[in-house]
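Right after this note come the structures.
You will see chain A twice below: alongside chain B first, and alongside chain C after that.
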Partner chain A sequence: MSVRFLDLARPSRQHWLGYLLLLPAVALVALIIVYPLFVSLDLSFQKIGMATLSAPRKPFTLENYHKLFTSPDFWNSCWVTIKLVLVVSAACFAVGLGTALLVNNRFKGRTLARLFVALPWAVPEVIAVVIFAWIFDSSFGLMNWLFIKLGITSQMVNWFSEPTAAFWVVAITMIWKGYPFVSIMTLAGLQSIPEDFYNAAKVDGANAFQRFWYITIPVLMPVLGVTSVLVVLWVFRDFSIIKVLTDGGPLKATQTLSIMTYDQAFGFFNMGYASAIGIVTLVLCVVASLLMLGRKSQAMY
Partner chain B sequence: MKIIRKYAVATTVAAMLACTALPVTAKAEVLKFVSWQKDEKGIGDWWGTVVKEWEAKHPGNTIEWTKVERSAYADTMTTLFAGGTPPDIVHLASFEFQTFANNGWLEDLGPWVEKSGLNLDGWSGQDICNFQDTTVCIMMLYYGTIFGYNEEMLKQAGVAVPTNYEEFLAAARATTKDLNGDGIVDQFGTGHETKGGGGQYIAEMASYLLDAGARFTNAEGKVTIDTPEMVEGLTRWKTVVKESLTPRDLSAGEVRKLFADGKIALKVDGPWIYSIMQQGAAKDKLKLASVPFDPPLGGSSNILAMPSEISDEKKQLVWDFIAIATSDRFQTSFATLAASTPPSPRADLTEAKAQIPHFDLMAKSQKAAAEHKIDRIPTGLEIQFNEFSKMIQEEAQRMIIEDLDPAAVAKTMHEKAEALQ
Partner chain C sequence: MQRTTLQTLSLYAGLAVVCGVLLFPIYWLFVTALSTLAEIRQLPPSFWPADPQWSTFAKVATERPILLWLWNSTLAALGSVALSMVVSVFAGYSLSRFSVKGGRSLGLFILTAKMLPATLLVIPLFGIFRSMGLIGSLWSLVLAHATLIIPFTTWMLKGYFDTIPRELEQAAMVDGCSPLGALFRVVLPVATPGLAATALYAFVLSWADYAYARTFLTNAQGSWTANLGITTMKGEYVTDWNEISAAAVFVSVPIILIYLFLERYLVGGLTAGAEK
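After this line comes the complex of A and B, so read on.
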C-alpha cells in the first residue's frame, strides 16, 4: 500500500517528484533568508540592546515601532531614501536607455563602445567609491580643480561637508555604478525587437521619435518593468557606497534607511529598534515592487 | 581458560579506556584571539611576542590569532558574542567595551587580579576599566599626544614653534598658503579628520576644548557642556575649520600622510605619528615638541578582557595570557617594540629612552594627561558614547555649516547629552 502511495511514476504523483527535488533548495532558502527574517521580526517587538540567540525572549512591546514613527530621524531617512531612489533610478534609466540605443546601432567601434558602457558594472563597488572620493576630494580633488579652472566657482567646494553637495556626490556615484545594468538589460530587449516593426512603421511614414515611442518603448516595457524593480531595490538597500563616501552625513543628508539600520544595530547597539527599521524597509520594498510590477510593466500589445 | 579470557577482556577494556582517556587529559587547547592590530608594525610585533611566550609556557596549546579590520571590528565582535562564540582573549577598543560589559559578556577580573597579585596602582587609564564597580578589563594603552611640526614651513612663515593656543593659531594661519596662486590652497596650517566617525571627531576637537578648560561631564558624570569654557573651545574649533586651516573631509590616515609629506605644518597626534613621519617625503623637516595645549589630550586606546561564558579551565589560560602581557618584562618590551608609553608604572624605560629620541616627550604627555584624568570617553556617558559622539559631531558640523553661534550650539549639545543619559 505504502509502496503504491510513494510511486512517483504514477501520473497523479508525478508533481511530487518536482516538490521533492525543490525541497533542498527551499530548505536552504528558509534557513538563510526566512529564519533570520523571523528572528528580525521577533526582535523588532522586543526592547533589546545587544541580542543574544541563547538569551530568553524579552516581553512583547510596540515601543520600537512607536519610537520609529515618532522619530524625525526616521522620516528624514525615508525622505532621503525616496529622493535617492527617484533621482538615481530616473538618471540610470535615462543614461542606460540612451547608451543602449546608441550601442544598438551599427557603427565602427561598436564592440568597444559596448565594453565602455558596461565597464562601471564590472568595477567593484568599493573601488568605484574610492575613485569618486578622490574625484570629489574637497582639498585636492579633480572636480574642485576643474570647477576653479573653468571659473564655475572661485573657492573650493566642500563636497562632503555640505549637505546638498554630499547628496549629489552619492547620487552621481550610484548613477555611474547603476546605469550599465539598465543599459545591458535594455540592449538585450532592443535586440529582440523584430526589424519588420520598424520597416513597417517607416513605410507608414513614422519618424524616428514616433518609432521610438510607439514601437521601442511598448515592446521594452516588460524588460523595463523588471529592470526598474531591480534598480529601485538596489538603491533602497545599497549600503557600501554611502557608508564609504559619507557615512550618512553631513547632518544626515545622506542617511538612508539602510544606513540608519546599520547605525542603530552596530553603532548604537539597539538591535530591537534596528530590526523595526529593517522590517519597515522590507515592507516599503515589497510595496514598491508590487506597484512597479503592476500593469505598467506589461507589454502594450 | 576462563580466567585467561577474563584477563584478556579486562586488559583490552583497560587499554581501550587508556587510549580514549589519554587524549582527554592531554587535549590541546586552542585559544581564539581576534585583534585589529595583528599586522601593525611595532604593536603587532609586540602582541606576537606575547603569543609566543604564552605558547612556550603552555606546551601543546596554541593561540589562533586572527586579524579583523578595525572598520568591521565592532560588527564582528558583536556577532561573535551574540552568536555565543566569543573569542577567548577579548581585545576591544576602550570606547566600545562598555556595551559588552553592560550586557554581562565580560568576566569580572577583580578576583583574578587579586589572586595573581597584579598591582594596578598607577596603571595608566585603568580607572576606565572599572565599569559599574567591577574590573572588566585591563588597559593596554593610554597615550598622551605629541606635537609634530614642519621646521622649514615655520621658518618660511617667520613664526616660532608654538607653545600655546594663540601661537598655534597664528602659526596655522601663517602657514596656510596657496603657493602658486591658482586659488587652491596647497599647504595647510594644521590637519584634522573631519569626515570619520563621532569618536574620532571628538578626539580631533578635544585639544581645543581641553585647553579652554571645557569638559563634557564632571567627575560625577553630570553633563557640563553649557559653560563659557565649552563655548570658547567650540569657537576655537569653528575658527580652525571655518578658516580652512585644515584640509576638509579627509580620513585620519590621509591627514597624517599629508603631514609626513610636507603639506601640513602642525599636527597634534598620538605616539604613532613618529613612525608615519619617518616614512614621509618631508621626514628631514619634521620635528617633535611638547603639545601647545594644556592639559595635553590623552586617551585610552585598547583593552584586554575575558568572556564570562567560557569554561573555568579556559579562563585560567586566558588569565595567563593577560598576566604575560601585563608583566614587567613585557611592559618594558612594549615601550621599545611598540614605541609607545606602556600603562605599567613598573616598566623599565631605559632602553626605550635610548632608542627613541622623543620618548620623554611621550612619557611627559602621558603623565600630564593621566594626572588630569583626560580621556575621550566622558564619565557617565560610557555606554551611550557612540550615540553621544555622533550627536556632538553633528552639532559641531551644524555649527560650521550653518555658521551658528557656539553658545547656542553648546546649549543644544548640553540638552541632547542630558537626554541621552
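After this line comes the complex of A and C, so read on.
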C-alpha cells in the first residue's frame, strides 16, 4: 500500500494527506484570527459600547468612521504615529547597521561581541520600560544628573510631563529595543557576501567607501527592504512600551493609533469606535508594507 | 584582510564604546537592583554598589508574588507554545511537502496575520472570551498568544522542513513506513534542532506579551503574568526602584538565557516567511 505514497517526493503531488495536515491550523486560525477579525469589522459599523456576542446586533451605521475622520484626536494620533515611525525606524537602522558592520569585522572574541551587541532584543519590552522610566526618573534619574552635569539644562527636567521630552523618552526606549533586530538581520545579510567580491573590487582599485557603496549596500538591499517593513510595522503597532511608559500622555503627545484604539475600547468602552480605529490602523499597515515591498522589488534591479 | 595594530586597537576601542553605551541600561538595571535605597537616592549616582544588596532579591521574592507571576507566565507560554507547535508542525510540513490547492494563499494569509495590530484583535477576543467565561483565566492567554505565535512557527517550520531532503521519507516509505510514520519517525527526529529553536522562539513571543494579559487578567490577581505584575509595581512603588529592578531581573533572566542559547537560530525566526 505504501507504493502509491512514493509520489510524495514529486512536488506536483496533491494528496488528501496534505489537506488533512493543514486542517488543524486552518481551523484554529479561522477561530482565533479570522472570525474575531470579522467580529471587529462588524463592530466598527455599530454604535456599541460593551461588546457581547449574545446581545442583539445594533443597526448598521457609518457613524464611527464619520466621527473618526472628523476627530482632531485621530489626526493627532496619526501624526504622532508617523513621527514615531520615522524617528524610531531611522535611528534603529543607523544603530543596527553600524553595530552589524562593526561586529562583521574579523577579530578575536567576535562571537561574544555579536551576542552582546544584540542583547537588548532579549529584554522584554515591559522590562525595557522599567529601565528607561528609572533612567529618566524626574527626581533621582540618571539622565537629569547627566544633563545638569553637561550643562544642557540647569534644573531637573520632568521628562514625563513635558510633551516633547516624553516623546523622545518613548522614541529612545523603542530605538533601544528595536535596533538589535536590524543588527541581527543585517549581520546575516553581510555574512552572505562572498569575500571574493571585495577582493576583486580591491584588485580593480576600489577604495573602502566604494566597496561599501557598490558591493555591500546593493547585496544588502533585499534584506534591508524586508527589515524596514518589519521595523515599521512593529513601531506602528506597538502597545506595551507606550502604554506602560507614558500611557499616551502628556497631552496626548505620545498617543499613537494603537494606544487610541485601546483606550477607546477598554478605557471608555466604545468598542464600535475603537474597532473602527483598529480597522483603519490595519489598512494603513497593509498599505504601508505594500508600498515598501514595492520599492524593495524595484531596488533589486 | 590584514590590519595594522592601530586599526585593531581602534576596532576594539570602538566596540568597547558601542557596547558600553548600548548595554549600559542592562548594567544599570543590575546595579540598581543591588544598591541600597540611600545609594539610589543620592546624586551624583553611584555606578558600583559598595555593598551589594543580594537580600533585595530574596525580599522581592518573598514579599511579592513574583514567583507566582513567573509561574503563570511559564504556564501561559507552555500552553500556547504546545498548541501552536502541534498545528504548525502539521501545517508547515504540508506547506513544505504537498502542493495543496489554496495552500499558497493560506500561507500568505498566515503571513499577513503578522501585520494585525494586537490592539485591534484584542477587542473581539475580549467579547468572545467573555461569552466563553475565559476572562481572568490563563486559557485566554493560551489562545490569544497562539494568534501571535502561529504565523511565526508555521513559516519557521516550513523553512526547516524545506531543508530536509525528500529522499529521507522516500527511503522510509520504501521500507514500509506510512506517510505519517515517516513524518514522526524520520523527519521530526532530523528536524529536532529546528523544532527546539522554533519552540523557544515561540516561548519568547508569549513571554513578552503585555497587551493581552492586561486586558484579560487585570481583575484576576492570581493569574497575573510577570509582565503584568511588574507594571503594577511601577505604578504603586514609584520610589523603590531597587525592588522593581530586582523583580525586573527575575523576569528578564529567563529570556536572556534563552537568547544566548537561541542566537544562532534567531535569523530563521525573525525572517520566517519574509523572504520570497
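In the analysis below, the second predicted complex is superposed on the first by the 277 of 301 C-alpha atoms of A that agree within 3 Å, B and C clash if a C-alpha of one lies under 4 Å from a C-alpha of the other, contacts with A are read in each partner's own complex, and residues count from 1 in each chain.
Just so we're on the same page, contacts are C-beta pairs under 8 Å (C-beta built on N, C-alpha and C of every residue); 3 or more make two chains touch, one makes a residue touch a chain.
Just so we're clear, the structure is a prediction, and the values are computed from it rather than from any experiment.
When both complexes are overlaid on chain A, chain B and chain C end up clashing with each other.
After overlaying the two complexes on the shared chain, residue contacts for A:L251 are found with chain B alone; chain C is out of touch.
Within the superposed three-chain model, A:A90 lies out of touch with both chain B and chain C [touch as defined at top]. Shared-chain residue A:W134: touches chain C; no touch with chain B. Looking at the shared chain after the overlay, A:A30 reaches neither chain B nor chain C. Residue contacts after overlaying the shared chain place A:S154 against chain B, while chain C stays out of touching range.
In the superposition on chain A, A:W145 contacts both chain B and chain C. In the superposed model, C is the one of chain B and chain C that contacts more residues of chain A. Judged by the touch definition given at the top, the superposed model places A:T261 against chain C, while chain B stays out of reach. By the touch criterion defined above, A:G49 lies against chain B but remains apart from chain C after alignment on the C-alpha atoms of chain A.
Applying the stated touch rule to the two superposed structures, the overlap between the chain B and chain C interfaces on chain A comprises residues 51-54, 137, 139-140, 145, 266. Partner chain A is touched in their complex by these residues of chain B: 74-75, 78, 81-84, 99-100, 102-103, 105, 182-185, 188, 194-197, 244, 247-250, 384, 386-387, 390, 393-394, 397-398, 400-401.
Per the touch definition, chain C reaches chain A in the complex via residues 1, 8, 11-12, 14-15, 18-19, 22-23, 25-26, 28-29, 32, 40-41, 43-45, 83, 86-88, 90-91, 93-95, 97-101, 103, 106, 109-110, 112-128, 130-131, 143-144, 146-147, 150, 154, 166-167, 169-170, 173-174, 176-180, 204, 207-211, 214-215, 227, 230-231, 234, 239, 241, 244-245, 248, 251-252, 255-256, 258-260, 263, 266-267, 270-271, 274-275. By the touch criterion stated above, chain A contacts chain B in their complex at residues 49-54, 137-140, 144-145, 148, 154-156, 158-163, 247, 249-252, 263, 266-269. Every residue of chain A that touches chain C in the complex is listed here, in rising order: 2, 5-6, 8-9, 11-15, 17-19, 21-22, 24-26, 28-29, 32-33, 35-37, 39-40, 43, 51-54, 95, 98-99, 102-103, 105-107, 113-135, 137, 139-140, 142, 145, 149, 176, 179, 181, 184-185, 188, 198, 222, 226, 229-230, 233, 236-237, 239-240, 243-244, 257-259, 261-262, 265-266, 271, 274-275, 278-279, 281-282, 285-286, 289.
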